[in-house]
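You will see subunit A twice below: alongside subunit B first, and alongside subunit C after that.
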Partner chain A sequence: MVLGGSNYYILDNFKNIIDTINQTSPVKNYINIEPRLSMNYIFDNNNSLKISYSRNTQNLHLINNSVTTSPTDKWVMNTNIIKPEIGDQVSLGYFRNFKDNTFEFSVETYYKWMQNQIDYKDAADERNRVIETQLLYGKGRAYGVELLLKKNKGKLTGWIGYTLSRTEKQIDGVNKDQWYPARQDRTHDISIVAMYDISKRLNVSAIWVYQTGNAVTFPSGKYEIAGQTTWLYTDRNGYRMPDYHRLDLGLTYKFKEKKHFNSELSFSLYNVYGRENAYLISFEQSSSDPSKTVAMQTSLFRWVPSISWNFKF
Partner chain B sequence: MRYLLFTFLLFTNFSLFAQSFTISGFITDKKSGETLIGATVTTKSNRQHGVSANTYGYYSLTLAKGSYELLFSYVGYKEQIISIDLTESKKLNVIMNENSLQLNEIVISATRDNNRITQSQMGVEKLNIITINKLPVIFGEKDILKTLQLLPGVKSAGEGQSGFTVRGGSIDQNLILLDDAPVYNASHLLGFFSTFNADAIKDVTLYKGTAPAQFGGRISSVVDIKMKDGNNQTFGADGSIGLISSKLNIEGPIQKGKSSFLISGRRTYADLFLKLSDQFKNNQLYFYDLNTKFNYRFSDKDQVFVSGYFGRDVLGLNNRFAIDWGNSTATIRYNHLFNDKLFSNTSFIYSNYDYNINLTNNANPFSILSRVRDWNLKQEMQYFSNNNNEWKIGLNVIHHTVIPGEITDAVSTENLSDVRNGLESALYASNER
Partner chain C sequence: MKKYFLVIISTFILISCEREIDINLNKSNPRLVIEGNLSNLAGECSVKITKTVNFSEIIPNPTVSGAFVTIISLNTNKTDTLKETAPGMYTNDSLFGIPGQTYTMVVKTNNETYIASSTIPQMVDLESIQLLDSNSSGGSHGGPMGGGSGSNTIVRMIPKYTDPANIVNFFQFVVTRNDTLQKDIFIQSDFGFNGLVSNRPLRVKANKKDIVKVDMQCIDEAVYNYFFGLNENINQSSATPSNPVSNISNNALGYFKAHTSSVKTIIIK
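For the complex of A and B:
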């Protein structure tokens, strides 16, 4: 229920304010039913097949226009114009355990439809007093396959996960009303996690991750107005950040246990092979030749070592 | 906005008993008295037929009159077999021992060995705190949200970020709950640390597919995080000292075996290094947070839990510009057992996220405040029926307030954009077999 007591607006097709509503009674009431169903067919103790369907709705929305998140990203509620987001998901999965539950294997596939998705219009003014005048609404779809193999027991434990997926949006007024990749669309995603107990006191661990780069919007041209260079953006999320991959290592040493005091030392090394993963890519005019453009890549962390001492008494 | 949420988790064996009795109670850890969420109870003869302990460690199993060997199990704990002669309904509180033989052999999933096979839900991942502790992380600070990002279908929003996307959803489409309270911004230091202090956390469950009916309000996923209750057996402290952050966790009984408290705090001090450099000595960048919880058992049937979180980040540049932001949450929960099959929980929840921007170097200094605030009431009844079929019926009412930007200078306060209020109500019913 959208409660009254402040201003709400009525917009025309060009998102100009044509009227203002200010009433104390509720402005709008949205009613949604969310059916959810999960079923499991158990073949035997080690095999099962599952299917599920669910609908979810969302009444608070975070509006964000950049690649990274910021504490000042804007939360907005449903209004007479902003409708609740609706997500429908069907999924199907096969689960299998091996060797007395030492290994777990699963394949899950999903397909998701999303309605009333929100995005900024092109060249939006994020600081506009009436945010509804800067927003567009459309649909989303996401589908993928997730594979997981886990080892639960023994000296070596861990898992390997792989996801093949696609996430797209279709918003009238963006990319000629065509489907386009959402910012969080990543085709491939791999995680390998391993933990190994060398002795009772010493254990080592490693993580390797690989991801396709985010879909991003880069300028495809530039033009000059009154001596000022302005970038020309054509396709939203039409470009990709470079692929991301990284290896981290960890080591923990437990000191001898005393009756009322235990402690351990942990070492870790983040980004072991020092890959310069792109955090941001920005475009600047070349200083030597202003007609040329250079892309500048910002990377954050190469080789971040750390040490911590943990205690318990 | 009003919803009807339905979960029908169909399946397994139907059996109706001529004369049946109920065994019920709480399952707890011997050393700390912490309840074991999701511990399972089955009969030894039929390990498929059983129930699991709810969020508060309560179980209720109904069986036909007769003699049974009951098997209690929980990952990382010694299985316990208790023989009973069931001629009447009984209370049976079970205390379980950690499996010390396997202490350095970790088990990283689920509550029962083949839980992933037998539970009807899918897309559910439970994270073990031991796993979180063992994995390397940036800056040496173990982190729940970064460990979740290593699971298939969960992707990091960017380098070092605690923001994540699940199955193609956006960052805001994840409902992150800390003891039932929604957390609007789960990041510290622009995402390099998550809001959650792993030392104060007992249980983490991610639902990336179909979430149970009691969860609603986001379309992508639910991350349900439960804080520890605090050790109700002995006093203890633990903590860690690292290069850029340190933390301390203190817990202990208020009344032994009955009530306990927990206080856990964290502070980063990367900014101390900034003071050493001439260029940055007037800059600030740090966060701190505090988790507190206490619980009190009035009787076998009544228990109250109070938990709270407060965290703040501060970024300041040369005394000219400063921004600070943070979440605060508070949850009061009251458990009541109407009878051995009917469990009730009432929660009253507050959650607030705000940020403040201060500009102090011009002639007219001003500040901008932005806020999201929730007041929330939840009532849930859980009924364990005869054929160990579990019903849940609940009501959830949330009042939201969003203040997009309130600008204050020496003379006045004005809103940059309209303040909005909303009421979100949900009614749900679910059945799990």
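For the complex of A and C:
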């Protein structure tokens, strides 16, 4: 239900405001059911198969921009124009345990159809007061496969996870009406987590993550117009930010337990090998040769060491 | 009852670092860039034709010679030809347009034809320029080519004109400072002050004793939208970078602008 009390707008086909609604009664009602179906087939103690279908609706919408100079996102609610996003997902998964449940393995594959997807029109102004004038609507799809191997017992525990996926949108007016990757489309996503008990008191851990960079729009060429260098763009989200990866290490020491007090001390180091993961990328005139253009990358913190002391009493 | 406490001492090494990186940008097929101008004054008619280059190549981008360029009046059906007077620059010094009439630019090159139409809006006179103040703390109007040379102050000046109430108007202000054309794009629409006297200032880079010429041009909506998009493209300020929407056919970049012209000059005090 979209309640009244603030301004809602009526737009024409060219996204110009032709009327403003301000009423105290509800402006619009959206009614959606969310059916869910899940089936498990258990072959034996160690093998099972799972099939599921679900429909989800989302009434709060994240709108990603496509630039690399200011990665700001916007959250908007349903309005008379912005409809709830609806997603239908089917998934099929196979689960298996090995060696007396020491290892767990699973592979899951999914496909999701999405309606009422939102994206900015070309040359959108995200600071516009009436954001609906900057938006276009279409459909989306996402599919992929997830692999997970987990070790639950022993001195060494942890897991290895890998996801291969694709998330795309098709919106008339964007990318010549062709399917294009959503900003958060991640082809590869790997995470490796390991924990090792050196002794009863001392424990080390390591986490390594790897992700394909976000899909973004970069210029493919340039030209001069009205005396100024202008970028030539080809596809929406046709490029990738550099891959993101980092390693974190941790060390935890448990102090001797007392009757009403026990505590532990942890040291950790974030981004051990100081990977400069890209936060922003912008294009500017080269300082050494003004006729050339260079890409500049800004990254935030490299190493972040921390110490924490946890105690219970 | 058990209580949990957590103490964290964290040393953030908050250094953001900036460095040049190599991005493997696709090679793009060269596309035609056309900048067409037709004024209600003679001597201002020009069409400049160039081609885009890949990201790693140098600017200025190459010009396109040997094109056949004409401008047709839709009201009189009269066709005028422009001559190539410099590489890639086509002009006709005797040609001018009439407010209220629509003109079509036709460019033929390499067996391709590019067409654009633009209407000269009704004439609005620039009555005067009111100097407001000057301060040196103005924001940069940079873009890819940087903010220009030298230390300049930002001078705020109001181009005074009376907006016609009967129609929607769009304006562009082309500023020349000491005979040098300024790169900044100044555009205004009458949204919010239809029929009133304009009081919105331009922020012009200039120093004392500079001679600043302001050419107020009435332009049509398509041309206004083009320059709005161009400004966003240059400043990399849009949420979704894209080529400004051109009024030229056949996938060409650029614009064809038929406009009025009303000029006033001031000396900065």
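Everything below uses one rule, namely that the second predicted complex is superposed on the first by the 280 of 313 C-alpha atoms of A that agree within 3 Å, B and C clash if a C-alpha of one lies under 4 Å from a C-alpha of the other, contacts with A are read in each partner's own complex, and residues count from 1 in each chain.
Heads up, the rule we're going with is that a contact is a pair of C-beta atoms (placed from the backbone, for glycine too) under 8 Å apart; a residue touches a chain by one contact, two chains touch by 3 or more.
What you are looking at is a predicted structure, and each value in this text was computed from that prediction instead of being measured.
S.K.: Based on the superposed arrangement, let me know which partner A:Asn78 touches: subunit B (first), subunit C (second), both, or neither?
M.R.: After superposing on A, A:Asn78 lies in contact with subunit B but is clear of subunit C.
S.K.: In the overlaid three-chain picture, which partner chain does A:Leu269 touch, first (subunit B) or second (subunit C), both, or neither?
M.R.: Only subunit B; A:Leu269 stays clear of subunit C.
S.K.: Subunit A residues in contact: does subunit B have more, or subunit C?
M.R.: Per-residue touch count on subunit A favours B.
S.K.: For A:Tyr279, is the partner it touches subunit B (first), subunit C (second), both, or none of the two (neither)?
M.R.: Both: A:Tyr279 reaches subunit B and subunit C.
S.K.: Let me test your reading of the model: by the given contact rule, A:Gln134 touches which partner, first (subunit B), second (subunit C), both or neither?
M.R.: In the superposition, A:Gln134 contacts subunit C only.
S.K.: Does subunit B (first) or subunit C (second) touch A:Ile18, or do both, or does neither?
M.R.: Touch partners of A:Ile18: none, neither subunit B nor subunit C.
S.K.: For A:Phe311, is the partner it touches subunit B (first), subunit C (second), both, or none of the two (neither)?
M.R.: Both partners.
S.K.: Going by the contact rule set out at the top, does A:Phe301 touch subunit B (first), subunit C (second), both, or neither?
M.R.: In the superposed model, A:Phe301 contacts both subunit B and subunit C.
S.K.: Can you give me the overlap between the subunit B contact set and the subunit C contact set on subunit A?
M.R.: Looking at subunit A, the two contact sets intersect at 67, 69, 279, 299-301, 304, 306-313.
S.K.: Applying the document's contact rule, which stretches of subunit A touch subunit C when the two form their complex?
M.R.: For this pair, the touching residues of subunit A are 65-67, 69, 119-126, 134, 217-234, 236, 238-239, 242, 276, 278-279, 281-285, 290-313.
S.K.: Residues of subunit C touching subunit A in their complex?
M.R.: My answer: residues 2-23, 25-28, 30-31, 33, 35, 50-61, 143-146, 181, 183, 185, 228-230, 232-234, 236, 238-245, 253-254.
S.K.: Which residues of subunit B touch subunit A once you look at their complex with the stated criterion?
M.R.: Subunit B reaches subunit A through residues 1-12, 48, 104-109, 113-114, 116-123, 131, 134-141, 149-153, 155-161, 163, 165, 167-173, 184-185, 187, 190-191, 209-213, 216-220, 236-244, 313, 323, 325, 353, 355, 357, 370, 372, 400, 402, 404, 416-425, 430.
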